[in-house]
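Let me give you the structure first, and then I'll get to my questions.
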Amino acid sequence: METMFGIAVDGVAYGMILFIISVGLSVTLGLMRVVNLAHGAFAMVGGYVASYAAQSAGLPYGVALVVAVALTVLATLPLERLLYRRIYGSANELAQVLLTIGLTFVIVAGINYLFGPTLKRIPLPELLTGTVELGPKAIPTHRAFVIGAGAATLLGLWWLLERTDFGIRLRAAVDDPAMAAALGIRTERLYLATFALGTGLAALGGVLGAELLPLEPYYAIRYIVLFLAVVAVGGAGSIFGSAAAALALGIVDTAGKYLIPNFGEFFFYAALILILFRWPHGFFKGRTA
Amino acid sequence: MTSVAERDGKAGTMTRPIPLGKRRDLDWIGIPLIAAVGLAAYWLLPDDLALLTRIAASALFVLSLDLVLGYGGIATLGQAAMFGTGAYAAGIVAVNWNNDPFAMLAVGGLAGGLLALVTGALILHARGLTLLMLTIAVGQIVQEVANKARDWTGGSDGLSGIDPAPVLGMFRFDMFGHTSYLFALAVLVVGLVVARRIVRSPFGLACRGVKEDPLRVSAIGGSPKAYLVVLYAVAGVFAGVAGALTAVTSGIVGLDSAGFSWSAEALVMLVLGGTGRLYGAVIGTAAFMGVHHILAANDPYHWMAFIGLFLIGIVLFLPGGIVSVAERLGGLRRGKEGGA
Amino acid sequence: MTVLLEVEGLAKNFGGLQVASDISMTLKAGDRCALIGPNGAGKTTFVNLVTGVIPPSAGTIRLDGRDVTKLPSAERVRLGLIRSFQVARLFKSMTVREHLELAVLQRDRRTFRLFANVAKVAGLADEVAELLGTMGLTHVAHTAVGSLAYGQQRLLEIALALAMKPKVLILDEPAAGVPHSESQRILDAIDRLPKDLAVLMIEHDMDLVFRFARTIVVLAQGRLLCSGTAKEIVADPRVREVYLGSRTNAH
């Protein structure tokens, strides 16, 4: 049926955005054991930089995207060294929650100061407007692009973790930090690199998802619950878990909004509680990919 | 993420177990002291009674959070769910059936306690991020229910027209706020007395054990989850009473009384004051709301920036909260620091 | 003499690894039994199986006649099966006194009293004072455990175990890590344990074993090698082989 297909496409696209943004959160949680509530703020910053670059500086979409990711990563690296490093580890949970909420608030206020409270758009290039034929059905090109990007991210991350040195070291450090250190793996650099990766992906998701998750200053607070849900359901540190959870939650949320618009949110949170009740460690308990 | 039994025994820097032989939670002198300060404020600041009333009611709410976090180690961003439930329950009862203030408090406490008992039993096997998520989810659901049940709750317009009867039939809730404030102060003081009792009881002792090392508690034959659920329910009663108290003294209940922001603010106020001592909740609330009032920020974003920087500062420089400074100055730290 | 602990055919495998096979033993009231064996023999695994920390793959465990094989750990504790830990595991922020108070209250199921005052619970102060006295810990009653010397912590662990009125007490290397100057206290405390208590002690220190044990059980590679009195064990060639290796082993 038309509606079902529409819901499926929107749900999958939405899920892909959630995945791209949340996977960084999942990996940093799995590796550094830090709950980063400012992760949504990073995604938001990426989106805003791209919006500014595209609209005010007139840069083409692709360039704006790259600039957004690069600048966001550069801006957050000092935060890792100065702030985050002090609160790694599951014993510091409360400190993490407070520090990252504080950081979120500062970023939200800053964004409002710089760009004002109105919604910001990132103008899509000609290429991404319109629809793409998929047999008898047509999908908006942008949605198809997002879905493709999500799949590419998943594959890219899988390749990174399974086939590169960095990936092996990352998995080792997640599995057994003490052993990894004993083997000479430079955990500090690993943490920095992982943090950068997570933030970069968040920024990417923020840019790509600007149509689905509109950019306004409260973005960081509004959507962090979603990203946390993906990580909790998928299991911290698990790439495939994040993907599965993001898609599941994306589809459930979209379906809820279309089919039972009055109780959409209700449905989502109830589903979340039931899932986490049954699987408190997430679908994939794994701490590796 | 990790189950109750698997959680590591360390408590981190922010909820460091109180390391001394001499207990440092609310000593008996603290309660009359708070009552005295409260009464002094009544005479010294007659134009700010509305603010003071809000502080008193909020302090009771933050106290409930101290019970679960400071004494049980449960990190939650959903304590407002019980507050909001209590507020709405009290408001609905007042509007429809019985507007006696004590009845309202009782209904609020019962509602908050029941919600906490049921949700606690469902979610307290989880820890870490999962538990955080679950507490947020419960809060969102309560907010959604309040939003949808317009006929009872007024939906997004809020519940208004709550007109409490005179206290004990004698003291009318006047429009200058005198009765409201004294009533709120009295309830807060009673709440502190009860909380102190609980914290020093066999139950309180067991909860302190669970907070520090749940596995060790099982090894002496106790069930950590049972203790946590009961503690969560008790704190739910406190939060519900605080919500009802707000309904009584302000006459309205809004959707944000159950929301994530209110839960987060309570956490900030508690950490500012210092966890695990009961009086930290009162100090933190007074300090936070006092500063907010003085800065009187019209732009919510400015206030946000301020809180944000402030939170970062606290985590980095003052993890023990105001009380840790006060204690250090007062020389209460003895030589035998246990440390966590 | 009442049989307090009866283990029959206890076995455990993790995946393909058999860490315990066909272990059977009994403990009667008043027994003083030492469990010895080379590193990796499975002694701590055995204790974890008996106390319910890990579920067995086969076998039964009876405590004072009652089948506890399927019961959770905490339940077995309530029925009188108590263990101490190899590395002291106490509540660092609580005082010595508070530990004992909690243990006694928990034992008597008086911990859900929200409005009682711990100081005024009937009989609690007396019982705690007695325990403190028996263990020689009265002078540190109000010290937080985080500040105690390690030897005193081990003493507290034993006091804690006693507070729970055990029927069967399993001590996992009670003197391990304790400097020699303090270990005498611990040995004395073990000597003074109630006569009707069945005590199983895991130990490596043979002096301690010979001083304490009337019977010895030897474990090797997850199996019960042999059991008997100290004399019999010392004379048994299998025991020597398992500890020292036979002359025919090429190393």
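Letters A, B and C mark the chains in the order given here, with residues in each chain numbered from 1 onward.
The rule is simple: contacts are C-beta pairs under 8 Å (C-beta built on N, C-alpha and C of every residue); 3 or more make two chains touch, one makes a residue touch a chain.
These figures come from a predicted structure and were not determined experimentally.
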item: By mean Cα position, the chain sitting nearest the middle; value: B
item: Taking each chain's C-alpha mean as its centre, the one farthest from subunit C; value: A
item: Whole-Å gap separating subunit A and subunit B, where each centre is the average of the chain's CA atoms; value: 32
item: Centre distance in Å when subunit A and subunit C are each reduced to the mean of their C-alpha atoms; value: 50
item: Where subunit B and subunit C are represented by their mean Cα positions, the distance between them in whole Å; value: 42
item: Partner subunit B, residues of subunit A touching it in the complex; value: 29, 35, 83, 86-87, 89-95, 97-99, 101-110, 112-113, 217, 225, 228-229, 231-232, 236, 262-263, 265-266, 269-270, 272-273, 276-277, 280-282
item: Residue ranges of subunit B in contact with subunit C within the complex; value: 9, 17-22, 197-198, 200-206, 208-209, 212-213, 215-216, 218-223, 227, 230, 234, 336-340
item: Subunit A-facing residues of subunit B, complex; value: 1-3, 7-8, 10-15, 69, 75, 77, 122-123, 125-126, 128-130, 132-134, 136-138, 140-141, 144-145, 148, 260, 264, 267-268, 271, 301-302, 304-305, 307-312, 314-316, 319
item: Contacting residues of subunit C [partner subunit B, same complex]; value: 73-75, 77-78, 83, 85, 89-95, 98, 101-103, 105-107, 110-118, 121, 142-147, 160, 164
